[in-house]
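Each chain gets a letter, A, B, C and D, in the order it is written, and its residues are counted from 1.
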Amino acid sequence: MTLLLETLKPYLLPLIRVLVVFLGISLIVAYLVYAERKILAHLQVRLGPMRVGPHGLLQPIADGLKLLLKEDIMPAGADKGVFLLAPVISVIAAFTAFSLIPFAPNFYITDVNVGLLFLIGISSLGILGIILGGWASNSHYPLLGALRSTAQLVSYEVALGFALVSALLLAGTLSMVAIVEAQQRQGVWFVFLQPVAFFILFVAAIAETNRNPFDLPEAESELVAGFHTEYSGFRFSLYFLAEYAAMILVSSIAVTLFLGGWLRPFARVRALDFLDFTPVAVLVLAAAWCFRECFRYPATREWRWQRLLLLGLGVGALGISAGLLLPARFLPGGGEGLPAFPALTAIQGVFWFMSKVFLFLFGFIWFRGTFPRYRFDQLMSLGWHFMIPVAIANVIFCSLAIVLSRQMGWGLPATLWLGTAATLLVAALLRREKA
Amino acid sequence: MMFAQGSFYVLAAVAVVSALLVITRRNPVHSAIYLIVTLLSVALLYLQLQAEFIAAVQIILYIGGIMVLFLFVIMLVKLDVALRQPPFNQQWWVAGAAALVLAVELVGVIYLGRGTAALPQAPPGSLQPNTELIGRTLYQNYMLPFEIASLLLLVAMVGAVLMARRKAS
Amino acid sequence: MAQPQDISTTVLGADEIILNMGPQHPATHGVLRVKLKLDGEKVIGSECIIGYLHRGVEKIGENRSYPQFAPYVDRTDYVAAVSNGLGYCEAVERLLGVEAPPRARWVRTILTELQRIASHLLWLGTHALDIGAITPVFYTFREREEILKIFEKYCGARLTTHAFRIGGLQYETYDGFEEDVKKFCRDFEEKVDEYGELLTENRIWVERTRNVGILTAQDAIDLGVTGPVLRGSGVRWDIRKAFPYAAYAQFEFDIPIGERGDTYDRYLVRMEEMRQARRIILQAVDSIPEGPILARVGKVIKPPPGEVYHSIEAPKGELGYYIVSDGTIQPYRLRIRPPSFINLEAFDKMVRGHLVADVVAIIGTLDIVLGEVDR
Amino acid sequence: MPENYVPILIFAGLAFLIPVATLWVAKLVRPDPRDVGYRLKPYECGIPPEGDARGRFGVRFYVIAILFVVFDVETIFLFPWAVEYDVLGLFGLIEMLVFLAILIIGYIWLYMKGALDWV
């Protein structure tokens, strides 16, 4: 027995991490759908889900249950095996990639030398899910949607690849952890050195996740629902899960590469160290909101569960924030060698990482509420005629800038901004060429 | 060690079996799916040999790129028509002869070279940062092949476009 | 630069695909069915299949007395019921040889222009939705709601209003009608600019609508299209100016026209029409004359034998009623000239050579209502 | 198998559990699809489709896919260079510029030919 425990011991911690990340991502995916509905609703002067739980907080669960209960329809003439397989591929690809994301300096599932390449590889497997699903459905709309989707994904993947190369020039490594550490060491997030690459990555990320204004594959006004038109019930929601997981994934990649990953804003400025307490402040604010809403609901029987849930959430948030503020000296052993607030320090990385990811996700949702949709040829033209040349130009100018800074002894930011200016010039020329 | 060997045999078996399925399935899309499985297990084999970069490239290029191209091409042909045709019409004996020659050649090479070139062991222990190694080798020792590769890509680009056009006219 | 046709004439692909859109399609505005012949994604031919909503309204009209038929016309273009009612009532009035009293004509003008705004708001919201902008529809419905509230207060109904009667109005305006209308106009001014901010300068919107579905002035005239579609092609034709009816002769307003006849021009024309409608309403509501609201038409409406064709400028174009009377209480023959039906004729011309995605933009820009197309 | 990669496989296994578990649960609770009449026939907007759904689509997709593979190979070549940029220095940069120049010529040719235009 002890032997078994001894052999398992090195695997225990990673296993716990795997489970935490896995469940965390699943939860965030579920609530991302809720957040999208809520945010879109408020952009559109309406309320969004309000009935299931206070402010519709339990809506994701209700949605999941509803989808579980839906009839599972496979159109006649569909290729059965492929039809069943396709959404599974999409889900696996989208979720597996999270094993390479460093959420915090001490909290990631694994870190490999070619982390970024593996990420691209795994997430590119998701394309197969889409194309096979559309083909297997035996229907015009899904096939057209799948072909469009694949053409779109591969086109923007090229631009994405070049944007990543620009960031790698600065980082000098493919390991995701080391990329963040490089930003820590250089004391600047790469977005400030490589704004064009960041922009390209951002646009490509929207296109890669089929989000508005690039949501043509599932443009409901043209292709009904694109490649998953014929999917129903939970099979449909697998695609849905994969899409939202992919959204979180691309945001995580962008945050890791360009926004300093787990680093706090101004991590080096000691005067801003009070920012370390932001998680506590956020939790206290959330608790305050819960209590206020709780007392705004009428104190009648039918609202009792809602009120109790809000109360519980508020108390829970307060409890967690109290736990975060637990000083080290109250710990057994007096907390020798620990930081002043061990729990708070422990969650710093994850907190800042996820905050930046949520910022991205909010952007995705905001765009969806704002922009009309591109037409397919316009989308392809934007990709091939604009994004790719600009991305290539950016790689060239930035590598030149780095050499220049080394040969002439100029500061790196200055030369890189020079490079960026040159890239922007190319971009302006390309735009004019088109017009 | 046991684990490593066991996983090698599993992966190798998966690769071989799905490769066989690739050529026996009649539906080209099913063949493509089995080909993906083969490529994936080969990628894992690379990984076992500590060739991380090659493994990643295998996944990105072969599965994420070339297989997508294959699926596109399959979707461009009339499947039901293709299915009705006998798969290896007329040319099966040419293919058979070619396969036989290749097999004899392979066995011969292994047999003749058994003393001269010992199969190298996979590097043990910690991983080399092999992207960096490849970078250095490729850009310092193999400069010319690298530049020629770009010419090759250029030819592929031109070829693709010209082919599409020639058939059009 | 390039000669795109070099390569894009396709080979391997290039089976012609027949794609069916509708009747159950989110972007065909009801039960329109379009059969598209596609080369890749390019439309090389189209066929509109209509009739899924056919109820034989015209035939029903021949079996109802004149006042009985009035509510039926609300159900043709059901998003512009007030305009339909105006056209029908005025046609019968012409047949009878009476004219509605001034107060009635003023109120009719106000309500019809409100209806024009409501109809255009619905068009704007759904058109934007078709092109992928999901938010404007909620904003436009917010303003449309205010108009429907005024209708509800005036006649008790919101959608199929049956607001007018032959010879004038059934109801006197309610207390505070003027204030409600003025308040709406006040609020609406900045709202319509807000939509403009969302779309007019939006790069994606412009790219999606510019040079899409071009209809030249000559084609538009040849095909007989009317309304904003015709004006978008640069033809300054508006029945409110050409043959003024109701009280339009009294008010000042401009007729916006487009230059290129593409979807973007039609968008601009309709946006400007909403502003002009607001202008008309403000003039009218300040000068509503006192007096009776119903002309003397008698209890039983029995027009003398004869025929009449009367048309008005409905939100979607020329809405005409052709009525033949044989001197009985029922029309001998009744025919409606619905603008949507005629405008839909231009669809094939506009859609050829464009992509599937443009099809929905073009259906949207035609602003058809299937209740009216099929009758 | 290098140890760092084992967690990825474990994670992939867990990810595989999502569809398996959910679809299994769904199978238990959902109603059975009933194949009544034309119910499972594919349709387009309420109308039976005309022609084969798996018909042939434009060759444009095929060209795009090939170009994608070409450009993808190109980016893969760039990755080791970018990572070792500090070591390779000016020489590596010139090498890469030659490499890119050849491909940019190709790109410009494509642009001029209109091969990148969709319609």
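We take it that contacts are C-beta pairs under 8 Å (C-beta built on N, C-alpha and C of every residue); 3 or more make two chains touch, one makes a residue touch a chain.
Because the structure is predicted, anything quoted here is derived from the model rather than measured.
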Furthest chain, CA centroid comparison against subunit A: C
Dominant interface by contact count, named by its two chains: A-D
CA centroid of subunit A to CA centroid of subunit D, Å: 19
Whole-Å gap between the CA centroids of subunit A and subunit C: 45
CA centroid of subunit A to CA centroid of subunit B, Å: 32
Whole-Å gap separating subunit B and subunit D, where each centre is the average of the chain's CA atoms: 18
Residues of subunit A engaged with two or more neighbouring chains: 112, 117-118, 135, 140, 143-144, 147, 150, 154, 157, 174, 224, 376-377
Touching two or more other chains - residue numbers and ranges from subunit D: 2, 4-5, 44-45, 49, 54-57, 59-63, 65, 67-68, 72, 76, 79, 83-84, 96, 100, 111, 113, 115, 117-119
Multi-chain contact residues (two or more partners), subunit B: 52-53, 57, 60, 64-65, 68, 72, 75-78, 127, 131, 161, 164, 167-168
Contact footprint of subunit B on subunit A as seen in their complex: 79, 81-82, 85, 112-114, 117-118, 120-122, 124-125, 127-128, 131-132, 135, 143, 147, 150, 154, 157, 174
Residues of subunit B touching subunit A in the complex: 27, 29-30, 33, 36, 52-53, 55-57, 59-60, 63-65, 67-68, 71-72, 75, 127, 129-131
Subunit D residues within the subunit B interface of the complex: 1-2, 4-5, 52, 54-57, 59, 61-63, 65-70, 72-74, 76-77, 79-81, 83-84, 87-88, 91-92, 95-96, 98-100, 102-103, 105-106, 109-110, 113, 115
Touching residues on subunit A, where the partner in the complex is subunit C: 40, 43-46, 140, 144, 212-213, 215-216, 219-224, 368-378
Residues of subunit D touching subunit A in the complex: 2, 4-8, 10-12, 14-16, 18-19, 22-23, 25-27, 29-33, 40-45, 49, 53-54, 57, 60-61, 64-65, 67-68, 71-72, 75-76, 78-79, 82-86, 89-90, 93, 96-97, 100, 104, 107, 111, 116-119
